[in-house]
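Here's a structure for you.
The chains carry the letters A, B and C, assigned in the order they are written, with residues numbered from 1 in each.
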Amino acid sequence: MSAHSDVRVRGELPLMTASNLCVSLATGRRRSDQHVVLQGVDLQLQKGRWYSVLGPNGAGKTTLLRAIAGLLDAGDICSGEVTLAGRPLTAWPQRERAQKMAWLGSAAADVDGHLSGLRAWDIVALGRLPHQRWWPATAPLTTEDEAVIERVMMQTHTWQWRTRPIQQLSSGERQRVMVARALAVDADIILMDEPLLNLDPPHQSEWLQIVRNLVQQGRTVVSVLHELNMALYADTLLLFAEGRLVHDGPIADPATQAALCRIFSNRITLRQIDGHWVALPRL
Amino acid sequence: MNGTGQHHRPLRAALVLAGVGALLLLLGLLIGSGRFEWPWGGDAPPILADIVWSIRAPRSAGAWAAGALLGLAGAIAQGIFRNPLADPYLLGSSSGAALAVALSLSVLSAWAHTPDAQAYIAPFLAFGLTGVAFVGALLAVFLTVGLAGGATQGPRLLLGGVVVGVVLGALTSFVAFLNPAVLLNMQGFMLGSTALLSWGGVSRMLCVGVVCLLCAVSLAKPMDALSLGTTTARSLGIPLARVNAMLIVLLAIATGAAVAHTGLIAFVGLAAPHAVRAWLPCKHGALLVLSSLMGGALLLSADVMSRALFAPTELPVGLLTAVIGGSYLLWRMRRVPA
Amino acid sequence: MTRLLTPLLLTLAFLFSVAGLSVSANAASPPHTAQPVTAEVSASVVAVLTGDDGVSVSLPVAAQRIVSLLPSLAEVLCDLGACDRLVGVDRYTNWPASLQKLPRMGGGLDPNLEMILSVRPDLVVMAPSSRAIPRLRALGLNVLALEPKRYAELRRTYAVLGRAVGRSDGEQLYTGLHDRLLALRARIPSVWMGARLYVEVSSELYAAAPSSFVGQTLTALGLGNAISDEFGPFPKVNPEWVVRLQPDVLVVSQASAQSLNRRPGWPQLAALKQGRVCVMSEAQADRLVRPGPRLYEGAQWLLTCLKALSPPQQTTRRATPAS
């Protein structure tokens, strides 16, 4: 079973929990071709914290994020359940769940550019969908919607080319638009899978700042990052290996550091520089 | 400047397309078996006004309406499959309609010459080949969705549509082979024709078109979200299964109504949304309306040309849409980077 | 709201189908009053004509302006002496030559509605398989659907069209034609009686069976048919099947006459080796194969051709089927 330290902060009830979660995905045509991706996962997510999911390739990180977001089919969950604010995720109406949780998938910027005539502003505006009525389709957005869109686009420095079609943006610019789209949902929980793809260092630090702000506002951020050193800035690390939650805790905790080195087969060393932890490859 | 300021471009485009359609409608009234002639006025033969009103007007209006239905269906198909080369016949509706027509024609020809022909043929004709074709189209789409195992299975839907199209097409050929009179009739149906459109057909197509357009536009925002990918759309609260099912129903009805009245007309459903997107990028709400207007103008211009080029003989209108649409797509191909 | 939308849409689609029924029904049912252009509506009706589709047309006076969209119907009308009353024909009508100068109304299956309407016919005759019939009726025209494919149907066509043009002896005209054909039978050399002919109506290897019009002509002449009625009047045959049948005479069109030797197995055909082939030009094919008044000329041509050929051996002779 998983070994995890107590992460309750100030005795609050967790915002989300996963209990004995098991997820298996179909790999072939037959129903028997199932590959167990996650098993026996118990975790709790609190408000106002940034969780970073780490693990080697194939450890089940993206699947975990999808499970938390409620984006898996019912048939994929072999046991256990995920709850949000005390209620099982499956009991939440889709619209309310969409208002509570924002999702940013990896390779989100691979939008079918030639298909959509959408401009950057339109894409970010799609993030307001969970809060909108769909009919009539031509109804203008509320002032609140527009204020949110402007705010998140300013935060991601995408406001200045909001009227440019998505096809004309570089991959980094597109990624930032997608991040803005996720932020526009104004959700309590933001789940991001590889949000730093194609972003250069200045924009990576920008993203870090955004996450810090979100956490300060009391929201929860869960991210899957390949950039290990960025991930080490998180409040809590969730360490996965072979589908199991091996350890969770802050990087400052020596147990966490040991577990981290272990899941990466001891090919990294951890050093502290200016009060921050940094992972270096061990040659 | 924020996004809402951009409403003007699609609106202007819509007015332009509507104006083009009206102009073509007028041309359609003036072009026919004679050369270009003005039917009103003192020296025109009285029969001409009758011809214009009872033949050319419903035919032109019907060509526009069928083209609008096909343009709308094409935009919906390209939204469902998120592929700019999707056309409305992908789910097999065309083959279903063709098979239904072939079966009806062979049954009709079997009943002719029999003593109680009148007892059977008249009620059969009451439903009309139009109604039969429409039902056939819907049933074929139903079959495709059933084969694919649901409305959300994108690649399986495509495959199912191909299978249904091929199988029903083979059955149609078989029926036509057994009955040579049906074969000749089916050739006309396959090429498409606007020659037999009546006011009844026009009103039916317009009603269906308006209803389908309103329903499709109500799904414009989910369709926009779908262009971000299915997972992201789900995370935004879109009920994927229901939205896809609704879109497929709309596609089937719009395509079925067009095919039932004009036969199989190629390229309009493919080229209309393509052309709109190339002209001005827009969201799905505007795209659906503009595709309808563009499709109407396309088919109507093909219809007018089919009558005008070698008057008084007519070219099959499907031939002209293939030439126009095909040339347009060829031209677009040159501009796509390899 | 979306929950309601699907059933709502399906209901609407159903309602529109029903609406379509009623509109189409109006189009398909015969017009309440058959209005000829010369609008003299007399109380008595000259003719109530019922077509092959069971729909009747009432004419207060004999038809004066007729549009024909089927070549055989134009030929019958001309034989009935109503050639001058034709105001428009389809593009396939080619006999008699006087019809060549009439305006063409398109084809039987794809007629040009405007042309038809512009010549103001009081009767349109066409094949019942055309999809344009309901539309033409909806435009207020009298449409009589006829397509003679056999002798009995030709007899009925003569009777109906005769009444349409004001003659009561249409059927007698046909009977006279038929009698002349039977008389021709006596002039067929006895050595050819019962000989099995293979008549090919299209280079796509469509043969004529006894139930087709030309097949009935053969039967009336006392000639046999290599093909049986098993597969309908115009079966598409496998070329090797013809080789097994070993017909006595081949009757083919000019288009396929050149390539007979190249068909698989046909060099084995005795008929081909001994030159017992009758080649039809297009005009001759029209006379022989197309149902109409020229069936006698077609039969005459066949007789002339047979007389010029060397007769088959006795062993292939079969008993003459009753005509």
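Criterion: a contact is a pair of C-beta atoms (placed from the backbone, for glycine too) under 8 Å apart; a residue touches a chain by one contact, two chains touch by 3 or more.
These numbers come from a predicted model, not from an experiment.
Centrality annotation: B (chain centre taken as mean Cα position, compared with the mean over all protein Cα atoms). Highest C-beta contact pair count among chain pairs: B-C. Ranking every chain by how far its Cα centroid lies from the centroid of subunit A, the top place goes to C. Once the centre of each chain is set as its mean CA position, subunit B and subunit C turn out to be 35 Å apart. Taking the mean of the C-alpha atoms as each chain's centre, subunit A and subunit C sit 76 Å apart. Averaged Cα coordinates give subunit A a centre that lies 44 Å from the centre of subunit B.
Residue positions 218, 239 of subunit B are each in touch with at least two other chains. Shown for subunit C are the residues that touch two or more other chains, of which there are none. The multi-chain contact residues of subunit A, meaning those touching 2 or more other chains, are 135. Every residue of subunit A that touches subunit B in the complex is listed here, in rising order: 66, 69, 71, 94-95, 97-99, 101-105, 108, 110-112, 114-119, 121-123, 125-127, 129-130, 132, 134-138, 140-141, 146, 150, 162-163, 165, 181, 185. Residue ranges on subunit C touching subunit B, taken from their complex, read 2-3, 5-6, 9-10, 12-13, 16-17, 19-21, 23-29, 50, 52-55, 104, 106, 109-115, 117-118, 120, 127-132, 134-135, 138-139, 145, 147, 153, 206, 232, 234, 236.
Interface residues of subunit B facing subunit A in the complex, by the touch rule stated above, are 1-4, 6, 78, 82-84, 217-222, 224-225, 227-229, 231-232, 234-239, 277, 280-285, 287. Interface residues of subunit B, counted against subunit C in their complex, comprise 32-33, 47-48, 50-51, 54-56, 105, 108-109, 112-113, 116-119, 121-122, 125-131, 134-135, 138, 177-178, 180-182, 184-185, 188-189, 193, 195-196, 198, 200, 203-204, 207-208, 211, 215, 218, 239, 242-243, 245-246, 249-250, 253, 257, 312-314.
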